[in-house]
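First comes the structure, then the notes that go with it.
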Amino acid sequence: MPQILVQDLAKTYRVAERDPGMFGAVRGLVRRRWRTVEALKDVSFSLERGELLGFIGPNGAGKSTTIKILSGILRPDGGRVEIEGLVPYADRIKHVARIGVVFGQRTQLWWDLPVIDGFDLLRDIYRVDPQRYRTTRDELVAMLRLEKLLDQPVRQLSLGQRMRAEIAAALLHEPSILFLDEPTIGLDAPSKLAVREFVKKLNQERGVTVLLTTHDMHDIEALAQRVIVIGHGRVLADSPFEALRANVLAERRLFVDFAGAAPVLDLPGVEVRNRDGRALELAFNPQITSAPALIAAITARHAVEDIHVEQPAIEEVIARFYDLHGANEA
Amino acid sequence: MNALALLGRYFAASMRSQMQYPASAIMLTLGQLGSTAIEIVSIWALFDRFGAVKGWAFGEVMFFYALIGISFSFADFLTRGFDVFGSDFVRTGAFDRLLLRPRSAALQLVGHDFRISRFGRFFQASIILAIATGMLGFVWTPQAVLLALWTIAGGIAFFSALFVLQAVMAFWTVESLEAVNALTYGGVYAGQFPLSLYARWFRTFLIFIVPLACVAYFPVLAILGRSDPLGAPDWFLPLAPAAGFLFLALAFLAWRFGVSKYTSTGS
Amino acid sequence: MDALRPYAAAFSSRFLLMMQYRAAALAGFFTQCWFGAVHVMVLAAFYLGAPDAAAASPITLSQAVTYTWLAQGLLAVMPWVGDPEIADGVRTGAISYDRLRPVDPYALWYVRAAGWMTARLVPRVALMILAAGIILPLIGQGQWAWQPPASLPAALLFALSETLAIALACSIIMLINIVVVATLNARGVNILMQPLVIVFTGNLLPLALYPDPVRIALFVQPFAGTLDIPNRIYFGNLTGQMAWAGIGLQVFWTVLFVVLGRFWLARVMARLEVQGG
């Protein structure tokens, strides 16, 4: 029995539409037009304990709807969700005591209170045993380096400091599943690294199941063993990230700096993408021409100063994937 | 930790965060005391120009005014979270956060905030009550004190119910309902005057639909030892505040309905 | 004309946005009906209970009733809270962008407040006229109805005076906005203003019904210009020279507050530290 089981999830919203202009505004006062949006059409997947899943897709694809349903605050129109034997939206209070949720753009701490006071309140809200709480809190404080921040009011923390405190706050009751919604949004580079490192450790050392949504593909690259791409309310792909990359963009890039002016190359299955003085950027398909063979062919004929192979940037992989599935229209 | 102890924690936290700006808290309290005191001037002006109305003197109307004010200030103090529910929770999505915690959302909303400044109105109403006591030469027997406390308790339940209902409306529209306080502030205003001033349809409304008269007019008659000129039986007068609690129970039923609507539409 | 375009755009975008708020309009209308009904019944009880005092009153019961419906219908004009958009902007730091735009911030905020106010005013006043001016007489309750203006000249003067009332109210809202920006907190000033405005505009009780010795003082204080003066012009209680004196007062206070507000806003903006920005 998987820890999280999602079957044929469906959800439809109704949104009001407004006619443009002054006349439309007045008409809207009297009569309103509605449009239905199918946020989720048919989403199924399952997750084993201890997995770290990346959940990606363009805005409006259905990511946050899915997260809301899984966390128990939204009821689907159709389909079935079972998490550790509970139906989240039916047993909300029981369910939410077992999960931790971090929303990157919203705080769960108390703005005017010192961080430590907010933690204490959460202990009481979650009914955490005081002894147990002290141990967990001290561990989290050490892992997330919060020692110096504990006595500061939340409003005085920088965004990166606050996010570390938020993550600690979501884990004080030792949840077995952690939902992270855009946890690195707006953070500076060191804070992003700190967050990623912590999440990885939490997943690997404590076996906490992590479900991560993000727009930052580096989060995915650094963390996710498995990726679900969602678009138009459907699961477009569910595979390890490397497999996704290989399927979508088999292309590799070769960057060559020649000793003299860059020569004109004519090799089968190789395309010149960029030419700049002595430098060339080449695109090739490793299934037709292997990288060693290509490098050997070039160095055999020309004097080369530097050479390296790159995989396409992850953003490019995802953008291409969305294009292939028409998911960007959403 | 049980609900009451948790509320105690919330209360302490709220006090601590307001005490970060002690000057502002004191100023707001004094400001509310001073500015709400002006309102009674307009009632006095009516009596000054026209004299007693339907057998009611200014001192008696001050009595109504004071008890309503005390009830309202406590309700406002306890249910601030419901008052700002539409703007601070639904519109911002912060309500999701409450639903993600293993406690009832209503409990967390009560604990959301306790504004010290609400005591400004409480002090103002208490001063008015003292003045009214002097003007009427009223003697506070233990029985009258108990009855007044019971009336205030019913009044707190009644106004809390209105704040809860106001929050329930936010489930259907997140528009800035700056004027939904028709029933809260409007209730305070309507409750200041004896029921007998109003037309029959309005009296019916204030007794049976929104039972304001049950937490103001009827029990105050009992405290003052007067019979109802409209003919409500004397035995009923001291029992009337119970309607406030019934009203609160109904408001929470509506609240539960609203929460379930929220979780099925997510808006 | 081009110089005015940003301001016209700010006005109409705010107006159109606010017009969408249908439930808010209905809730506002409901509030107005409630307060209006309570006021009318209370006033009637006092007037009818003391015929001598009623005869000596500066305004008649029917005028006081019309005054009440006007006060409720025009509730959106009352300057008792700052523009919520400014308060939001202070919280999120968005108002710092207004300093970067090539426009006059005072004028921009002023027209936005005007858009906000008139968009709330239009549906509410229309519903109020329908309910208190048309339906009440139709169901045989004409004595409690909102009466038409006293005369054509009164109507025209009222139109002028009400326009000035909106201008004056916006200049007061601007002062509140500036306090909000200066103190980085909207709650305090809003709590303090509400009771003051409700009393001194005449919303709670027509200013003419206060004791005779204080009536002059109440007439010349600035809040009278947002409600009491146009109302009394409407039902012919202020005519001729007195009406023009009232309009002169409205202009005087508006100009004074705009000058004061511009000066103060410039100073506040100069030392502004935007929270969280």
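A, B and C are the chain letters, set down in written order, and residue numbers restart from 1 in every chain.
The criterion applied here is as follows: a contact is a pair of C-beta atoms (placed from the backbone, for glycine too) under 8 Å apart; a residue touches a chain by one contact, two chains touch by 3 or more.
Bear in mind the structure is a predicted one, so any value in this text is a computation, not a measurement.
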item	value
Chain pair with the greatest number of C-beta contact pairs	B-C
Farthest chain relative to chain A (centres taken as mean CA coordinates)	C
Averaged-CA centre spacing for the pair chain C and chain A, given as whole angstrom	50
Computed distance of Cα centres, chain C from chain B, in Å	27
Chain A, residues touching no fewer than two other chains	none
Sequence positions of chain C contacting 2 or more other chains	20, 22
Chain B to chain C touching residues, read off their complex	24, 27-28, 31-32, 35-36, 38-39, 41-42, 45-46, 48-54, 117, 169, 172-173, 175-183, 186, 189-190, 193, 197-199, 202
Footprint of chain A on chain B - complex, ascending	1, 5-6, 9-10, 13, 16-18, 20, 92-94, 96-97, 99-104, 108, 263-267
Footprint of chain B on chain C - complex, ascending	20-24, 27-28, 30-32, 34-35, 37-38, 41-42, 45-47, 49-50, 53-54, 57, 75, 81, 84, 185, 187-188, 191-196, 198-199, 204-205, 209-211
Residues on chain A engaged by chain B in the complex (per definition of touch)	11, 13-14, 65, 68, 71-75, 89, 92-94, 96-97, 99, 101, 103, 106, 108, 110-113, 117, 120-121, 124-127, 153
